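Each of the next two complexes has chain A plus one more chain, namely chain B in the first and chain C in the second.
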Partner chain A sequence: MFSIPVFLESFWPLFWAARYTVLISVLGIALGLVIGTLICAARLSPYRWLHRFAALWVSFLRGVPLLVQLLVFYYALPVIGLDVPALAAAVITVGVCASAYISEIWRGAIAALPKGQAEAAVAIGMTPRDVWARIILPQAFTLSLPALVNELILLVKASSLVSVVGILEITRASQAQAATTFRPLEVYIAAACCYLLLNLCLAALGRYLEHRTAV
Partner chain B sequence: MDWSILQQYGPALLKGFGNTVLCWLLGTVFGMALGLVIALLQRYGSRWLNWIIQVYIEVIRGTPFLVQLFVLYYGGPLIGLRLDALPAGLLGLTIYGSPYFAEIFRSGFRGVPHGQIEAARAIGMSEPAIVRRILLPLGLVSSLPALVNFSIILTKETVILSIITVPELMYQVQRMSTETFRYVEANLVLALFFWALVEAISRVGRRLETHVTKHLIERT
Partner chain C sequence: MLAASSVEIRKVNKHFGPFHALKDVDLVIEPGKVNCLIGPSGSGKSTLLRCINFLEEYDSGEIRIDGQLIGYEAPGKKMSGRRLREMRRSIGMVFQQFNLWPHMTARENVAEGLIRVRGMSKSEAHERAAEALTKVGLADRMTNHPARLSGGQQQRVAIARAIAMEPRLMLFDEPTSALDPELVGEVLNVMKTLAGEGMTMVVVTHEMGFAAHVADKVAFMEKGELVSVDIPDRILHHPEDARIQSFLRTYHERNNF
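Now for the complex of A and B:
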């Protein structure tokens, strides 16, 4: 039945593998924030084709499962001559997929800002860039913080999917561990505990940031 | 690119697509039912029960679906739970979706004005009748957008079932690509299938929302 020593022993390789989970999640959300901001700006821009492109981007990336996107990236990039390592393909996929969700989070937060803020900034003669960098984005960031933390937690869990392209993160490590010890129940529950631990830390971080930036 | 393989694998793909839709539909319906039960227990249950439910919600929401499936499918037999891939996948989807649905229902119930429930008590309705005739109709309407949203998310979770060998669309596509080495075509087809499915569901969902929330829009 359930064996506690096996359960505890299987934590070490999983902790070691957790660095890839953390790496992919952190780089993924960084990339997602950058692309997501650009896509959100495109979505709000007056140019019609830019707006259309952003809408298509969001609809496609939100409509296709991450696992499928991952395989498309992983197998399609070499076909067009870009032979990227698995880790890079994973980070790009996770980042691109997150960008669609993040751009929608931004859009919601920006729509929730009082219009007078941007108008007042324009009225006192700020350039459009200053209006964005100093008025809109900082406030939108505060507003969207709960949703962003939520997205980050989803990303950590989504990173379990990159095990299918052969990256040794928590899930892959637990598969290997289960295959060698023949104790899948203990090992996979240990993996679940690792993810839970990571996500509880993130949730605490989110609460702290919300508390700090509350106005 | 070579699209001729689609002819050969067309029937298998359609069958896989049927399984995907089936998994999604049953997973959503069962998940919603379990979520509703959890939300009601949370509202009317004792403090201890609430605590257990809270732990359940945190654990399921804090761990990846893939890991939950592994625990269920590979770990289950160790404690006597021997399931085929498809039932295991359905059970996994139901369990995975239930806490999210429960939270959606909970916030929907919280949106029901308290005065409505007090008024129902004042005219002597029993608690089950209040749930059936006041809480559920009002709460369900306000939680519909979130329900549709999460059902769409569940559509995309179904591909993960392929990893425990449920023969859904993803599984068929992987078989096709490993047999023909046409990875790019196979996965593009898969992406397009899902895009179409999700777009269709979200359109139906929007129709349903406007239909059900018609009375909420103030007439001027």
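Now for the complex of A and C:
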């Protein structure tokens, strides 16, 4: 039988574990934004080798499952003599993986802008830097917001994968709890609720940002 | 009276891949004069206009603004970006699709170039932007975003954005072609005012009325060639060239009902 008290009890350890889920997702998306922006810039640059590197980066990281990337990264580093804590390894892998998707989100948004937007700025005599900073990127950001929020939500869910390198985030914590209490159903439903709650908050944040930047 | 530029176009050629878009085009535009470019679509009018501020790179020939070659240091050697930007500062451009920046208000659209290019303080730029918007009759629309303005109002903001930079030459690329018919007049009126102030203007247009009444010279283009340039009356009412006669016949047929 499904026990409501057990269900409610199992939330507390999960909330505590959720700090890792949030930490990995937030740091992951932040890192992904930084690297993704650089990769997108490389992809759009006139230098052929930079362009190729970016294309390779995107196709490799999109083509290999995050779980496999995590395992490779986590077990490859000690081999080359690097002792990276599991949490750092997880954040880096998640961020790097997200960068591939984010750079494509940026590229799509930039390509969607009418050519006349930049032309009007160029005709006035603005520098390429100002054209990007003042005209292209602010509009590309607004255009890509829904896709970026989508990516962040995917990341929150994908962060469950880092349980394989031993980080006690929501999924791993619920597994541990299920094993000790022998009440898997209550615990896993509680875990599902935790993820849902997190992502509903993110979706609301996304709607708020979209509303604020709407023109 | 504004300072006005002259434009000299000599033997300009432009290819898009195998397509020969401009063929040995010659045209001289005197300071303070209004030149209209007319002709069928695809004749190279817009391409020629876009070559004048080097938004489009011409392949050979020369375009000089006040005697200064634009785009090239010397034939075949491109001008530095910095030098090109300096030259563009004194050339205003108005586009068919307005190209206002949707994330800025009308006043911010006008002020942006003053701040970034002319290095004005924000308050100074906003004051100047307000003057320019008042001049085009939009004093009450300054805080509106482009999406909240009609097409005619948007195009007038675009004109204000260009004139706020105090250009000596204005380029208009079919400024009324994207407008609903009832909004064309307000834009043409603003352009007439500018013409009256002695601004050098090059206008690609299908508005034959504007060409007839405001232009000092009308140039007719077809298939990349500049067929003829003359005073409006001789091009529009007494054309000798068969190509111009045929173009005007089509134009009148379409506008008669």
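Here is the rule we use: the second predicted complex is superposed on the first by the 215 of 215 C-alpha atoms of A that agree within 3 Å, B and C clash if a C-alpha of one lies under 4 Å from a C-alpha of the other, contacts with A are read in each partner's own complex, and residues count from 1 in each chain.
In the analysis below, contacts are C-beta pairs under 8 Å (C-beta built on N, C-alpha and C of every residue); 3 or more make two chains touch, one makes a residue touch a chain.
Note that this is a predicted model, so its numbers are computed, not measured.
*Asks:* By the touch definition at the top of the document, which applies to A:59: first (chain B), second (chain C), both, or neither?
*Replies:* first
*Asks:* What's your read, chain B or chain C touching more residues of chain A?
*Replies:* B
*Asks:* When the two structures are overlaid on chain A, which partner does A:139 contact: first (chain B), second (chain C), both, or neither?
*Replies:* second
*Asks:* Quick one: classify A:71 as touching chain B (first), chain C (second), both or neither.
*Replies:* Only chain B is touched by A:71; chain C is not.
*Asks:* Touching A:33, do we find chain B (first), chain C (second), both, or neither?
*Replies:* neither
*Asks:* For A:157 in the superposed arrangement: first (chain B), second (chain C), both or neither?
*Replies:* first
*Asks:* A:14 in the overlay: touching chain B, chain C, both, or neither? Say first, second, both or neither.
*Replies:* neither
*Asks:* Taking the touch rule as given, give the residues of chain B at its contact with chain A in the complex, in rising order.
*Replies:* That would be residues 58-59, 62-68, 70-71, 74-76, 78-79, 155-160, 162-163, 170, 177, 183-184, 187-188, 190-191, 194-195, 198-199 of chain B.
*Asks:* Going by the contact rule set out above, which residues of chain C touch chain A in the complex?
*Replies:* Answer in residue numbers: 53, 55, 81, 85-86, 88-89, 91-93, 95, 97, 99-103, 112-113, 116-117, 145-147, 158, 161-162, 165.
*Asks:* Taking the touch rule as given, give the residues of chain A at its contact with chain C in the complex, in rising order.
*Replies:* It comes out as residues 114, 116-117, 119-128, 130, 134-135, 138-139, 142, 213, 215.
*Asks:* For a test of understanding, state which residues of chain A touch chain B in their complex under the given definition.
*Replies:* 1-2, 59-60, 62-69, 71-72, 75-76, 79, 153, 157-158, 160-161, 163-164, 171, 174-175, 178, 183-186, 188-189, 191-192, 195-196, 199-200
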